[in-house]
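Below you'll find the structure, written out as structure tokens, and then a few comments.
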Amino acid sequence: MLLAVMSGFILASIVPFSGKLLRGRWSFMTTALPGALFVYFLTLIPSIANNQVRLFSYQWVPSMGINFDFLVDGLSLLFALMITGIGTLVFLFTSAYMKGDAYLGRFYGYLSLFMGAMLGMVLSDNIFTLFVFWELTSISSFFLIGFNNESKASRKSALVALAITGLGGFFLLAAFALLGNITGTYSIREMIGSADILKAHPSYLLVMVCLFIAAFSKSAQYPLHFWLPGAMKAPTPVSTYLHSATMVKAGIYLLARFTPVLGNVPAWNHTLTIVGGFTMLYAAFHSIFKKDLKEILAYSTISALGMLVFLLGLGTSEALLAMVVYIVVHALYKASLFLITGIIDHETGTRDINKLSGLRKVMMPVSIAGLLAMISNSGIPPTFGFVGKDLIYASTLESEILALSLTTIAVVTNMLLLYAGILTGVKPFTGVLPESFKEVHLPDWRMWLPPLVLGIAGLILGLFPVFIEGGIVMPALHSMYPMAPPFHLMLWHGFNLILGLSAVTILGGLLLYFLFKPGLRHQTWMAKLYGSSPEHIALLFSRKFRVFAAVWTRLFQNGYLRIYVLMIISFLTVLLAYKSFTQVAFYINPAKISPLTSTELVVMFILIATVLYAVYTPSRLAAIAAMGVIGYCICLIYVFYSAPDLAMTQFAIDTLTVILFVLVLYRLPKYINYSSWLIRVRDGLISLIFGTLISILALEVLYEPTNKETTRFFTDNAYTLAKGKNVVNVILVDFRGMDTIVEITVLTIAAMGVFALLKLQLNKYDQEL
Amino acid sequence: MKLLIFRTTTIFLLPLLLLFSIFLLLRGHYLPGSGFVGGIIAAIAFILHAFAFGLKNTRKLLRMHPLALMPVGLALAVFSAILPIFQGLPVLTVLWLDEPFPVVGLIGSALLFDSGVYLVVLGVALTIIFTISETV
Amino acid sequence: MEIVLAIIVGLLYASGIYLMLRRSLVKLVIGLVLLGNGVNLLIFLLGGLVRGKPPIIPATESILGEIYADPVPQALILTAIVISFGLQAFAIVLIKRTYIVVGTDDLDEIHSTEEEDDY
Amino acid sequence: MTINLIILPVLFQFSLAIILLFFWKNILAQKIISIAGSIVAVIIAVGLFSQVYEQRIITMQAGNWIAPFGITFVADTFSTTMVLLASLSSLAVAAFSSVTIKKARMKYGYFPSFHFLIMGLNGAFLTGDIFNLYVWFEVIIISSFVFITLGGKKAQIEGAVKYFTLNFLASTIFLTAIAVLYGLAGSLNMADLSGKIKIIENQGLVQVTAILFLIGFGIKSAIFPLYFWLPDSYHTPQAAISSIFAGLLTKVGIYALLRVFSLIFIPDDFMKSLIVILAGLTLVSGGLGALVQTNMRKMFSYMIVCHIGYMIGGLGMFTAAALAGTIFYLIHDIIVKTNLFLVGGVIFKINGELNMKRMGGIYDQYPTLALLMAVPLFSLIGIPPLSGFWPKINLMQESFATSNYFLLGSIIFGSFITLFVITRFWAEAFWKKIDNPVRKPYIIYYDQMPQSQRLLLILPIVFLSFISLYIGLGAENIFRLSNHIAAELVDTSAYVQAVLEAQKPL
Amino acid sequence: MINILIAFCIGIGAIAILLASIGLLRMPDLYLRLSVTTKAATLGVGLILAGGALYFQDVGVTSRALAIIFFITLTAPVSAQLIGRVAYLIKVKMWKHTITDELAGRYDSESHALESDLKPDEVELPQR
Amino acid sequence: MMKKRFLLNVMLTLVWAALTGSFTYVNLSFGFIISFFVLWIISRDSPDRRYFTIAFKIIGFFFYFLYEMLKANLQVAYEVMTSNLHMKPGFVKMELEAQTDLEITLLASLISLTPGTLVIDVSDDRKVMYIHGMYLEDRAKFIQSIKAGLEKPLLNIMR
Amino acid sequence: MNLNNFILYGILPILSLSTIFVFIRFLKGPSIVDRVVSIDLMVIIGIGAIAVYSILTDQPTFLDIAMVVALIGFLSTVAFSYYLEKRNRND
């Protein structure tokens, strides 16, 4: 199983480097992989049909509890078959569609990467492994949407798609982190056991919201749907595979997978129903106004995804069953329609619905496939689509609340979808063949066969739903709804309300198609509507957000060093003040206060006065002279308090510093007071508060008893062990010699830096390398 | 500065200061002073010379670029630090010669270390000051 | 005494910061120097003040008596002084270089860290 | 000899630097010594790491003075891991430097400063003494000053002034903190302080000291309202220099924070929530900053700030799992950020541009190279299973477990911005095609370079990319390591014991 | 006895220093301040150091005291001359009662070269 | 001859110290004086006796200078403590007899060390010295006092 | 009256007073040269003070500091005059 999942990645890492080998005539060979995988997953059906669940475990990051735990149950098998099955067809299609493309290898690489990721995702039982694969699907989607990287629109769409799905991804990660935290396990299967705990947990809503954001972003639910039409910039195989059949269903998969864990809670069900219902209606409505084949398909896909979410929201056994069936239905017909679009685009060079007609004359098999897809789409018997639609109506009608409105929504959506289906599956082939398309001919069989196969499959499944009922549909239902009653898929239920609704749908749809032709008026109307669309709002928001980001960044990063210093010191001061006033009582230890001699007093007075002088003097040279005095006073303080080495060093360094300053001062401009008095008062206040805090802190620490153990050790052993009498020097060269050796290194580097800083002056045309 | 009096005094002060700097280096272990202060005093001696006679002449007197003093000093210090490794002791363990040396007293690797400090500080101070005065 | 020294330390910190908040590069560096002195005095103060008893073992003895200045802070300050000298020297030269390259001593005029093609 | 193995990473770099100083003007010799030396340094680091990871904490008392009195060097898993990472990145950067740094710069002490810098880093990681840590920090900052000003161009100098001042301020605050700490506890040995701090009656003062440390290290690690120096300066030096800055300099601040706040100060509730809030704001501010940049290097700089938030956040929560997340992120970040700036350097060599609006076409021109460069870029985003992804699990889980929802939100926000910014960059620099690019006469473009130089340019990126791939795909090992280190941080008794009781003087 | 001697030395020294400081404060212009201060202070410090040497009566201390005195007498005139000269060069104001300035115009304003303003034959060559 | 005698003197001093086994200041000075006298006595017939005269001259000059300095100091002290009105300061030029660097430097130091006078500079051709004086009522007398009081004795010793 | 008290209550106050006078001159200026002269004098008084302190505390060690100060103290004076002679008049 690990091999099955990884094979996609392995292929992905080989293909781009295979050079000409796989780029030319042999490119269809890559189809072997999905084909083989499809067969492999087919062989698993029998065991799954017996309600067996197969678990494959491979260690990966056991210390985090993250492993490749692949679970094959009905739901994952359903998706796996879809991924590999449609994958096979898409791979085959691609080999002809992209023939001669310089980057075909790269393309196959991304495609295989995607397939592997998708498989991994649906098979993972470990939430984090699932997440890993989830993100990989987003990334491979990013690369595929941006495949035509020289087009600005492509790049933008790829970015938008990744931004939305990526954002969703992080929410998914958050949701999973929370889930793992609450349940203490990373296995979804095991989480089902803690479902009750979860539902009662105060963070349930948070988990749910995070999960929803993730699922909605991936499955293009309103208001996160708008990336999907943009994603149509990708080559058609990508649109087929990722953006209609598989990847966009990842969100559906996620919701389905977590239904037994988190579902069956009013908040869960209602949210899904509302969002799904709105999305399906909204997108279906939009689809009929589009001119571009792919765009129409994109919106109808969104609508179908809405339908799936809607069904998940209803959450009843019937609804879930309907959902499973509809997934298959949709995968079959939508993939087919996309491939057909691809063929049309490939052969005629246009996707404009208004320019296309009469193509049946030049590409008969394709038009058959189109027709088949359309009737499945429209739920016309005897296709599998009809089965699916029946089930949908059955479930809406049985809804506990608002059955009527829900059913109405479903019916209206289906009518609109039918409209879209005709537009894409039938319209291009009917009517008169324009002059310009006379030269158009039937493409390579590798292109027309896949849609045809899909269409036929829809037909066969409609006629014989039993083929997948026991092996796939029921197990899938059971993995979502373990208590689901047995149910038989049938094409014919007899005359009943549901059949009536189907009829209404078909008739209504046809009527709409023939009566309503969107014109210019509608276009402007739609354009107005765009103003309130989530895409527009998101764009507006992102623009505003960027302004906010710029303002925020400027606020802190304004380039003025003194403002930086001010902010840092203010921050420190506030923290220090808060801590000092809340947690430290103010004491001065009188026992530690020593007397002063007059000289000491004078030196300290001079020190203080000179510091103030240095701050206020308008003359730079005087300030430097003052610095000399300050250093000298400090030197004297060291003398008074028994630090001869310090005094010496201080004086020597002070002298050197003064020399340095004096040498550097040449040619510096005038030293003016630039700041206004207000600013100076502000700075002065902050500095004073900070200084006062340091003074208080010093006195406080002085009050604390000091442990002199270390000192004692040094003074006792300086002579006896280290053979020196100047304890300070012994510390410097022996006890703490490491400090000194590092300190001279600092000096060395500083000198090197000074040398380089002044001597090395590069000019721009310094060409040498 | 072309100052006769200053120059003449400097001629006297230069050896005096150098002598004094070595004195401070050698006695550091027993009394105030150290390689560090010694190095600075030595540097100040040369800086004084440079003030009096100009940088070129001081350069001539030194015969080497002060930059070169730093690696030598560092190498000396590091050498004294890693010496104990060969005796299986931790780095920077001070090793002592058994016999005291006249004038200086006991000689240990600490003195080697301090001499390294002296050279580095001398090199550093001179490099900085010379570089600056050259670019003025 | 300690109180006065504590005030001095605070004042050195305050004036150091105040000078760093000015627009002149030279003042900035003087501020750094004052700040450095402030820290050193703080270490010194917190190590405890003892008058007239340097931590030097008398010629006739082999250990220090009871009352002496704590040599540890002194050693730390020595190291700190030397290091801040290195940094200050660098800073002083940086002023010079800034003036050569940017042509100003006014810090407010060097807030445009523009890009240069030399990466 | 085994004892001295601890200090070998330091001494070796030190000796390298000194030898390089002797070859002041001989560039070829410098290049060879530097690269060969860096390889040896990796071997040494691996040796030390395996010694410590498989056995126990090793300590060495410099000067052979018993523990709390002399300067102790401690090699525990955390420090040896950091040393190892530093040696790996520095090897890559040394090779990269040998091609990209101009000869003139090499003649003014580039390589010696480089090895001094690495020496400083190793010293900071290995020392067990708080004042000695300060001294190592100074080595690091002074050599970084040299780097940031080397060549002395206008932008460099302007950046350097800010970089210098704020780092100086940080050092001063750090030293103030040490002064207070010594005044309170009378010791400098961190293991010793660990015990002594706890018995101080006036814990309020201890917490005030902790604030000083937080700010001091916080400036160095570029956390929220203290990071200003970074975006104003990191984009000014050469690619190789920026990369070593990006990879290691802020991380040493994080290292110090982790050390001090696990060993000496155990964060109280106030401190924890303070750090967590700062972490969140760091993520947000860094992200917002990156969003508005069009200059590649500035954008990368803000990314550094942003990602500091993850690590600080883990520290703020202070649970074993959160700390493990921090450590994992630290490991990932060192390698990836180093690589990121190297990649930036190569992109500049290809395009001759820093503004991403004016660059493009790498994807089509150099597909394999683009693939290679995708590794660090997408690792940075944390695309699973690349390296940046793993620690986020821990951090998210723990921010939930400790009810830090603001941090949780910030983590999501930071991750999202990173995703957006890097993919936008990808779209601009790699996908976009530039018509009639203008060639600047003073740049030697990638396609004008001889094969051998190109190799030296690319190999470091390959090297680091492999490491980050290993971190991502072999996450198990890294997690085990991180958990091990986190356990060391949570329970410091082994550390303290190893320092204080292990050795009598030899 | 010896203490009285010490006290005398230190006392006179301190008073000399005090005089120098008062001089520095009170004298009307820089040149006058320079003329009175440096030397008095040198004398004062010399006396105090002599007192110290007497107090300790130790070879090391005495030699140090002597060395310091020697250093000061060596350097003090030099620094006084340097300052006085530069003060003149940068035209530090003289006291209004200054009666003569024979230095006026002797300095080259650019190179600061100082001429003697003596014709060669005016100078009588001293006998060797 | 002078150098030889001086070296001999130092050698004898060291011999004395070795003989007495004490290297204290007092003993060394005492040894120096004794050997000086011994040398003086044994070379009374020698034609060149400059070494001995110079020694006395130096000692004499030292006390003379100390006296002058004290005197000047007192004068200045008086000046400092009272009103400044009888000062007549100014810059004067003094032609030099001193020739070598050392002579000029020593002279300048001596002049500067005396309160109330200050050497400002020596001309580049080393022929004149510019001096700042406090009391210049009588310029000639001022120059004369320096020449006679300081330059003559100094050159006497130096030559 | 012993020597210590004589120093404490006689000498030190005199030195302090002198220092204050000198410092007043430092503050008053008026020219930078005056300040340099003040510093020069302060250094010399400091040497005296150090010497007095070494007597007061019976620590000859302090004389070493005085020696360093005496030797290099005048360097800053040299530097200032060097600067003043060469600088452009823009201070």
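First chain written, first letter: the chains are A, B, C, D, E, F and G, and each begins at residue 1.
FYI, contacts are C-beta pairs under 8 Å (C-beta built on N, C-alpha and C of every residue); 3 or more make two chains touch, one makes a residue touch a chain.
Everything numeric here is computed off the predicted structure, so don't read it as measured data.
Graph distance from subunit E to subunit F, where chains that touch are one step apart, equals 1. Between the contact lists of subunit A and subunit G, the overlap consists of B, C. In this assembly, F is the chain whose CA centroid lies farthest from the centroid of subunit D.
Rounded to whole angstrom, the centroid-to-centroid distance between subunit D and subunit E, based on C-alpha atoms, equals 58 Å.
Mean C-alpha position of subunit C lies 22 Å from that of subunit G. The distance from the centre of subunit E to the centre of subunit G, with each centre set as the mean of the Cα atoms, comes to 14 Å.
The geometric centre of subunit B is 23 Å away from that of subunit C, both derived from CA atoms.
For subunit E, the set of residues touching two or more other chains reads 22, 34, 38, 42, 71, 74-78, 81-82, 85, 112-113. Contact with two or more other chains is made by residues 20, 28, 42, 46, 51-54, 56, 72, 76, 78-79, 82-83, 86-87, 89-90, 93-94, 96-97, 107, 110-113, 117-118 of subunit C.
With touch defined as above, residues shared between interfaces to two or more other chains in subunit D number as follows: 14, 21, 62-63, 131, 135, 138, 142, 145, 149, 151-153, 161, 165, 169, 176, 180, 183, 188, 232, 442.
Listed by label, the pairs of touching chains are A-B, A-C, A-D, A-G, B-C, B-D, B-E, B-F, B-G, C-D, C-G, E-F, E-G.
Across the complex, subunit B is touched by residues 644-645, 648-649, 652-653, 655-656, 659-660, 663-664, 666, 722-726, 728-730, 732-734, 737-738, 740-741, 744-745, 747-748, 750-752, 754-755, 758-759 of subunit A. On the subunit B side of its complex with subunit G, the touching residues are 1, 6, 16-17, 20, 24, 31-33, 37, 41, 44, 47-48, 51, 136.
Touching subunit D in their complex are the following residues of subunit B: 67-68, 70-71, 74-75, 78, 81-82, 84-85, 88-94.
By the touch criterion given at the top, residues 24, 28-37, 40-41, 43-44, 47, 67, 70-71, 73-74, 77-78, 81, 92, 94, 96, 106, 108, 110, 113-114, 116-117, 120-121, 123-125, 127-129, 131-136 of subunit B touch subunit A in their complex. Those residues of subunit D that touch subunit C in the shared complex are 131, 135, 138, 141-142, 145, 149, 151-161, 164-165, 168-169, 171-172, 175-176, 178-180, 182-183, 188, 232-233, 235-236, 238-239, 295, 297-298, 344-345, 348, 352-355, 440, 442-443.
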